[in-house]
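Two complexes are shown next, each including chain A; its partner changes from chain B in the first to chain C in the second.
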Partner chain A sequence: MAAAALLRRIPAARAPPTVFVAARSISDSTAALTIETSVPFTSHLVDPPSRDVTTTPAELVTFFRDMSLMRRMEIAADSLYKAKLIRGFCHLYDGQEAVAVGMEAAITRSDSIITAYRDHCIYLARGGDLVSAFSELMGREAGCSRGKGGSMHFYKKDANFYGGHGIVGAQVPLGCGLAFAQKYKKEDTATFALYGDGAANQGQLFEALNISALWKLPAILVCENNHYGMGTAEWRAAKSPAYYKRGDYVPGLKVDGMDVLAVKQACKFAKDHAVANGPIVLEMDTYRYHGHSMSDPGSTYRTRDEISGVRQERDPIERVRKLLLTRDLATAAELKDMEKEIRKQVDDAIAKAKESSMPDTSELFTNVYKKGFGVESFGPDRKELRASLP
Partner chain B sequence: MAKAKDKLNSCSDFGFLFTANLSPRGEMANGELRGDRVRVLVVDGEDRTIRNFLSTWSSTNNQTCFLLGAIKKWLEACELLGLGSSQARSKPNSPRDKAEPELRDGARVSRPYVSGTQGSFAAEVLLGKMANIRALLVGLSRARGSLAEAGRCASTRPSLLTSLGAHYKIPMPARWFSSTGLPPHLVVGMPALSPTMNQGNIAKWRKQEGDKIEVGDVICEIETDKATLEFESLEEGYLAKILAPEGSKDVQVGQPIAVTVEDLEDIKSIPADTSFGGEQKEEHSTESAPQNKVVNVSEQTSTVSRISPAAKLLIKEHGLDTSSLRASGPRGTLLKGDVLAALKSGVSSSSTKEKKAPAQPSSQPTRDSQAQASPVSQKADTYEDIPNSQIRKVIAKRLLESKQTTPHLYLSKDVVLDPLLTFRNELKEQHGIKVSVNDIIIKAVAIALRNVPEANAYWNNEKEETQKCDSVDISIAVATEKGLMTPIIRNADQKTISAISSEVKQLAEKARAGKLAPNEFQGGSFSISNLGMYPVDHFCAIINPPQSGILAVGRGNKVVEPVVDSDGTEKAARVTKMSLTLSADHRVFDGQVGEFFGGENHSRKENI
Partner chain C sequence: MAYIDESGRAETMLGQVLRRLRPAAAAEVARGYSAAAKEMTVRDALNSALDEEMSADPSVFLMGEEVGEYQGAYKISKGLLDKYGPDRVLDTPITEAGFTGIGVGAAYHGLRPIIEFMTFNFSMQAIDHIINSAAKSNYMSAGQISVPIVFRGPNGAAAGVGAQHSQCYAAWYAHVPGLKVLTPYSSEDTRGLLKAAIRDPDPVIFLENELLYGESFPVSAEVLDSSFCLPIGKAKIEREGKDVTITAFSKMVGYALQAAEILSKEGISAEVINLRSIRPLDRAAINASVRKTNRLVTVEEGFPQHGIGAEICMSVVEESFEYLDAPVERIAGADVPMPYAANLERMAVPQVDDIVRAAKRACYRAVPMAAAA
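On to the complex of A and B.
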C-alpha cells in the first residue's frame, strides 16, 4: 500500500531505521536442532528410524509458514466454494498439511509424487503458486491445468508432481510405473504414491505392490489414513486397519501424520530404503477437519467433539507453533503476523485469480489427442466449431 | 507558514479531524511513529455514521480527534505550507517534542485500524504529509489556541461538528480505507451449503452477539431447500453483529448475514446503525436520505429557519418542541419527514402512526420530503406479514386440490344427542370411564363404515374406480398451532370406546408437540372433524384427499321440538340436537350415502 510505505519511509528519514520486525527475532539460524517425535514409529518387517529428528529453526519456521499457507488456502477454497465461485468437486486437505510439508522436506524435486484428488496442498508443496491453484479451482485459464482440470486434476510435471486423480486407487499403479521409470533410468530417486484409507482396499494396489516388490522398484506407497473413507470409518471398511502391514512381504512403517517432523523422518527413511531395497508402505495417521468434500458436512459420521478434540490436541500447525514458542525461536506476535501476511497473500491471490478469464471454447479440443486437429470456428458468433478428425 | 495560519484562521467554521492510518501491523505504532500517535482521520464530517463512530471511538480510545470539514480550504492551506506532492518527506518544522505536549493524547495506540470515508479524500495525498501534518497541527493548535483541548471529541464535538465548512469530495481509492471507519471486520455472507442453493432461511443462531467463535464452531443453522444444515465458521473471532436475525427468510447466497471481528473490544466500535450492505438498505436509505440531501448544502445547522406546513401540523398535533427537532430541508427548513423521524425515534405511540398514514397525501412543500415520505409511510402502515409455515403451505395446497378436483356431495342431518349424552354420563358415573362425545361419534362412524363397506373406500384416479379399504382407519382433525393435523385411529371399529378415547388423547398430544410419526397421520379411510367445542352449529368440511368422506360435527344445541312421547302423544320437549354434515366424494358415494348416514345414526343409538 502506497500510504503505508510512505508512512514507513517518513520516520525512516528522521530516525535511524530500526530493524524490521518480521525478520528480527524469528530465527533463521541453521543450527541443528534435535527434536523428538510425538510417538515412536511402529514398523513391520523393518527397523524403525530413530525418534530424534534433526532440523533447524529456519526449517521449523518454513514448516509453520507452509502449513499455514496450505491451511489458509483450503479455508479460502471453502469460502469460495460456498460463494459458488468454485463448482464441482472440492476435496479439502486441512488437518493433513503435515504430510505434504514433511514429505517435501525429506525429498527433492526429482522424486515424484502422485496422489488422489485431495491434491491442492501437495501441489503447493511441490512449488505450485497460489494464483494458479485458485485459478484452477475456479476453472480459469491461468490455472495449472489451464482451467480444464479443476480441483481433482492439479499437475506440475516440472516438479515431478503427477496429479490429481479422480478414480479411487488408480494412482497407485501409475506411481509404481513412475518408480519403474526411475529405476530404469537409474536416477536413484523414488516415487511417493499417496492414497487414502478408503482406497487401501483396492485390488490394483496389491497387484502393483507385488510387481514392485518383484522388481525392487523404488515405490513408496503412502496411505494417508484420515480414518474415514468418505463417511465410512476405517474399522467398518477394513478388517485389518493396520495399513502399514498390508504390504505383507513389503516392509511398512506407521507414522503420526500430524507431526511434521515424524513425517519428514519417515519419508527420508523410506526414500533411502526404497532406492536400496524396493517398495515400502508408509501409513500416515492423520485427520481431516472438513468433510470428504464440500458437499459433505463432515458431521454425520463423526461428532463435532471428535473434530474439535483433534483440532485441540493434534493440530499440526499448533504443534509447530508450540515448538517455536517453547524453544524461543519466534514470538507469538511474529507468528500471528506471519499468519496475517499469509492471509493477505491468499486474498491477493484470489483477487488475481478472479481476474483471469474462463478458457476459450477452442480449448475443448486441445489436449485430447496428441496431434491437434485444427479446430476452426465458424458462424456469425464464431461459436460453431469444426474439427477434422482422421 | 504565517500566511497559512492566516488562511486557516480565516476559515472560521472548521474543525478538522484526520486520522493517519498507521501500518496494518501496528508495529509502526509501537515503534517508530511513537510521536505520531495522534489519530488523523480524514472524514466527511457530514457523514453521520462517521460521526457516530468517532464519538464512541474517541471516548473509548481517549484519542485526540479533530474533525475536518473544510477540506478544500485545508488543501489550500497545505499548499501554502509547502505540502505539495504526496512524496514530500520534508522534516517537520518543529521538533517532535514540541509537538507532543500540545497534542498529547496519552492513550496507547491500541490497535491500528483502517479508517476513512467513502469518497471523501485522496489517501496518499493526505498521508504523505504525515510529518508535515504534525507541523500543521502545531501551527493550527497555536492558531486556535486551545485546540488540543477543544479537540477532545468526547466533550466538545457537537460544537465542532456544527461548524463545518464547505468541502468537496474527491474519489478515494477504496482499498486502503474501509468505507466507514470501522475496525477490521469480516462480513459473513450467506453460504451456498449445497451446490443448488440460491437462497436460504436462517433457522437459528447458535451464537449470539459478543460470543467467541472458534474454528469449526457452528454459528447458525441455515434452512436450505433440502434440509436444515449447520453453518460452521472457519475463522476464529467474535460475533460482532447479526445482520440477518433468526427467522429471516429467503436470504440470497452472498447476502451479508453477520459481522465478525477479531478482538472483543472492537464490537463496541461498530455503531448500531452501520449498514454492511444489503441487509439494512431500507433503514439506511431512510437515514441517509436526509443526509444525502444535504450533500449540496453548504451548511448544516440544528436551528430551524422555517417549518413546512405539513410539519407544522404534525408538531401541533403532537405538541413537540420545535427546538428539539433537526431540520434537514434546504435552507434549514423543517420538513415533515424530520418531524416524523423525531416522533418515531422517541416520542410517538404506535397509534399516531395510523394517523400519519392518512395525513400522507397532504401536499409536500419541498421535493425532498417526497422521497422521505414514502419510506416513512411504509413504517406508518401497520400490517404484519405472518409467514406461512411449511405445514400450512402444504395444507393450503392440498385443500385447494381437494376442493377443485373432488366432486363434493353434502348431506346433513340433525341428530338428537340426548341418548348419547345419557350414555356418556352413565359411563362416567357408573363405570368411571371418561369419554368425550367425539370418541363415541368415532366409534359410531367406524361401525357404520364397517356395515357399509362401500363407504369405506377411496377413489383411485388412475384406475378410475373406487377402491375399498380393508381396515377402518379414521382420521381425526386436531388443530395445532402449526396447522391442522389429522392423526389416524387404526381399526377404529374393533376398538372399544375407551381405547379410542385414550388413543385420541395421546395422538392429539403428539400432534400438538409436533411428534407424530408419518404412519400416524398418513393414510386413513375416513375423517371426522369436530368443531363442537367452538360455537359452530353447522359447517361443511373439505375432504382430505385421497379419502372419500369427512364428517363435520357441529355443536349440540338445546332446542325445543315436538317429540313423540312414550304414550304416543306429541309433546314439546327440550332436546339437544347436533348437526352432522357428511361431505362425500360423489364418485365413491351415491345412493350408499344415505344408507351410510342412516346407519350411522342408527349405530349411535344402537351403541347405547
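On to the complex of A and C.
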C-alpha cells in the first residue's frame, strides 16, 4: 500500500496514525523530529555541522506560515509599486525567505541582524508587523520609520535589527561594529551581517573581516548568494565565486539557502562558533524570483526557464509544504486554508496602512539630531520655511 | 566678557581678580607667564579631556591608527593605553573604511566610540560611513538609531606635507545635516568642546590642527575641572571691537587676533569671533556683531569655493543686509592643491597681512560701488 510505504519513511519516534483525516487539526506537536538537509554542508577551515537537523512539527508549521507571510507581503508590494503607491526603490525578497526564517529560528532577539536594502522580510522575521511595513513602503506615519526611511530603511532597534542600508557593502563593517559592542559589553551574543554576492567583492568587507578576525569579534558574515548582483551574474563579478572561502583565513560554510532547516542548522553552528572563536562566513545559496528591484524585470540577464526551474525544484515554501504533507503533519487543505488566511492578513494590513496619513509636515525637521539645541534648520526658501530643531 | 591684554590673549579669571585688587600683579598675570596662572598645551588639553571622559563613562573608547602602543601619532593619546587597557584603546590596521564602519556599528549598539583619523585627509576613505551610516541614521530611522560617535584628528594644513595631506574638511562636513562640526582654537576650546562632543548623542566631527598641538594657552580652574564643558553651536568673541568683524576658526583665530592687534595700531578696532562650531553655525553671534560693526571679513584656511566664508556671507546678506556698509571680504586658502616649496606654501595659506589688508578694504569701502564707477 502506498500510504504504508510513505509512513515507513517517517522516523521511528512517530507511530503511523490511523486513517481519519477530517477531525485532526494541523500539528502543533513539539516532539523532536530529525530531518536531513537537502545537501551536506561544504566547509572551509572548519568541520561542518551535521546534516541532521532537529526540529518539531510545530516549528515546521511556523516555518511554513512565516515564509508564506513573507512571500505574500512581497508579492503584494509588487502590486502596490505598480499602482504607484510605493515610490522610489523597492527590492523584493521572494525566493529568499528561508534565510530570514531559518536564521531567526537559530538565534534570539538579543542577537543582532543587519542587512542591506532587501530588508522587508528580515524586519518581519525580527518581529516587525505588516501594517508598519506597508505603511513605511507607502511613506505613511504609521510606518516603522514613520515614513522617513522608505523601503531600504526599515529598523527595529528593540529587536536588535539595525536596518536597512542603501550603500552596498556598508552594512558589513557596521555589523562587525555591532559585534564589537556585543563583545565589549560581554553579552555572549552575535551579529549576523547579511550581504549579497555583489557586495562580497567590496573592499570594506575585507577590512572589517580582518579586524574582526584579529579582535575575535562574534561576527557572522552571511552572503545571500542569489547569483546576480543587479544584472551582473556572479561569474562576471567575482574571480572566485566561492564566497564561503573568500574569508581566506576565516572559516566558512556553504549552505543550501532554500532549505530552511539547513539555514537554521548553519546559523546555530555559526553563532556558537562566533561567540567562542570569532568571525565565520556563511554562504547561503539562494535565489530571488524578482529582478534586482521593481525597475528591473529580472529577465534580461536570466532565462525564464532558470527562474521557473528554481521555483519548481527549490522553492523554500514548497519544500516545507512537502515535508508537512509527507510526514502527515498537515493536510493540503489545511495548508491552503492557512495561505488563504495569510492573504487576508496581508490584504487587511494593506487596507489599514492605506488609512494611515502621510507624516505631518513638521516631521521634515524632526530627528535630524537627537539633541538639536534649538538650532535652526531651513526649507528651500528659508524665509518661508524654517524650524527650530529640538 | 574677557579682558584682552596686549598680547591678544584672553585674561584668566585670576588675572581679572588681581586687576581689581592689585594692578601691578595683574599686569604680570596678564602676560600669561605668571606662576600663579596655569597654562596648558592643546595636546594636553586633548589628552586630559579624553582621559576624563573615558574615566567617567565606561562605554567611551578610542580607536584609530597608532593610538595605543605608539601613544598616538601626535602623542595625543599618550598614557591612555596603560590606563584603560587594550579593550578601550584600540590600535587599528590602516583601513579607514573598515574601522570607521566598525565604530559606527558600535555606536548603533550603545557604545560611545571616538574614532581618530591620523589626519582628516584619510577620512575621505571612510566618508560614506560618516555621512550615510552615521549622520543620516537618526533621521532615516525616525529616532530609533542614534549615533553617539566622535570623529577627531588634525585637519587642514600642517607644514610642508604637500597636497594630499593638507586639505581642510570643515566645509565638506558642515554641509551635511545630521553632523555637528567643531573647530577648537585654544586649550579651553579644546577641552570644553571635546568633552561636549564625547557627551553629545549625535555624530560630531572634531577638527583639530596639528600646528596648534604644541601651543600653550592659559586655562582657569574652571576649565581644568573635569566637569567643564562648552556649549555646542556657540561662538566666542575673542576680542571685542567696533569697526569690523573678523570671523575665524582653528589656527586662523590666532592670525585674526594678530591682525586685530596690527589694525588697532592703525585706528581700526576689529572684533574677532572664534567660531568654535561650524555646524551648528552661531549665526546669531555673527549677525549681532555685524550689526554692530557693519563690516565683515571671513577667514578660513581651506579652499575658497563653497567654503565657510561663503555661508557666513550669505547668512549676513539674508539677515543683516541693511547693516552692511561694505561688501563682505573673504580670506581663504589659495584655490590650488597645496604646493610643497616653502615659498609657494606660504602663498597658499592665509597670512596675517592678508587679513589686515581685507579688513582695511572693508573699512575704506564707505562709498557705494555705483558712485565709484
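By our rule, the second predicted complex is superposed on the first by the 349 of 390 C-alpha atoms of A that agree within 3 Å, B and C clash if a C-alpha of one lies under 4 Å from a C-alpha of the other, contacts with A are read in each partner's own complex, and residues count from 1 in each chain.
Definition applied: contacts are C-beta pairs under 8 Å (C-beta built on N, C-alpha and C of every residue); 3 or more make two chains touch, one makes a residue touch a chain.
Keep in mind it's a predicted model, so treat the numbers as computed, not measured.
Q: Report for A:A353: first if it touches chain B alone, second if chain C alone, otherwise both or neither.
A: Touch status of A:A353: no partner.
Q: On chain A, which partner's contacts cover more residues, chain B's or chain C's?
A: C
Q: With the two structures laid over each other on chain A, which partner does A:A208 touch: chain B (first), chain C (second), both, or neither?
A: After superposition on chain A, A:A208 lies in contact with chain C alone.
Q: Identify the partner contact of A:G163: answer first if only chain B is touched, second if only chain C is, both if each is, neither if none is.
A: The second partner, chain C, only.
Q: Would you check which partner chain A:C223 touches, where first means chain B only, second means chain C only, and both and neither mean what they say?
A: Touch partners of A:C223: none, neither chain B nor chain C.
Q: After the superposition on A, what does A:C267 contact: first (chain B), second (chain C), both or neither?
A: It touches nothing on chain B or chain C.
Q: Classify the contacts of A:G177 with the two partner chains as first (chain B alone), second (chain C alone), both, or neither.
A: second
Q: According to the stated criteria, A:I307 is in contact with first (chain B), second (chain C), both, or neither; which is it?
A: After superposing on A, A:I307 lies in contact with chain B but is clear of chain C.
Q: Touching A:K185 in the superposition: chain B (first), chain C (second), both, neither?
A: second
Q: List the residues on chain A that touch chain C in their complex, please.
A: 112, 114, 145-149, 153, 155-157, 160, 162-167, 170, 172-182, 184-185, 203-204, 206-208, 210-211, 214-215, 366-371, 373, 375-377, 382-383
Q: Mind listing the chain C positions that touch chain A in their complex?
A: 61, 87, 90, 92-93, 95, 97-111, 128-129, 132-133, 137-146, 148, 177-178, 180, 200-202, 231-233, 280, 283, 318
Q: Show which residues of chain B lie in contact with chain A when the two form their complex.
A: Going by the criterion above, the answer is residues 20-25, 27-28, 31-33, 36, 86-87, 89, 91, 123-124, 127-128, 130-131, 175-176, 189, 191-195, 214-216, 218, 229-230, 232, 234-235, 253-254.
Q: Within their complex, state which residues of chain A touch chain B.
A: 1-4, 6-15, 18, 21, 75, 78-79, 81-84, 87, 289, 295, 297, 299, 304, 307-308, 311, 337, 340
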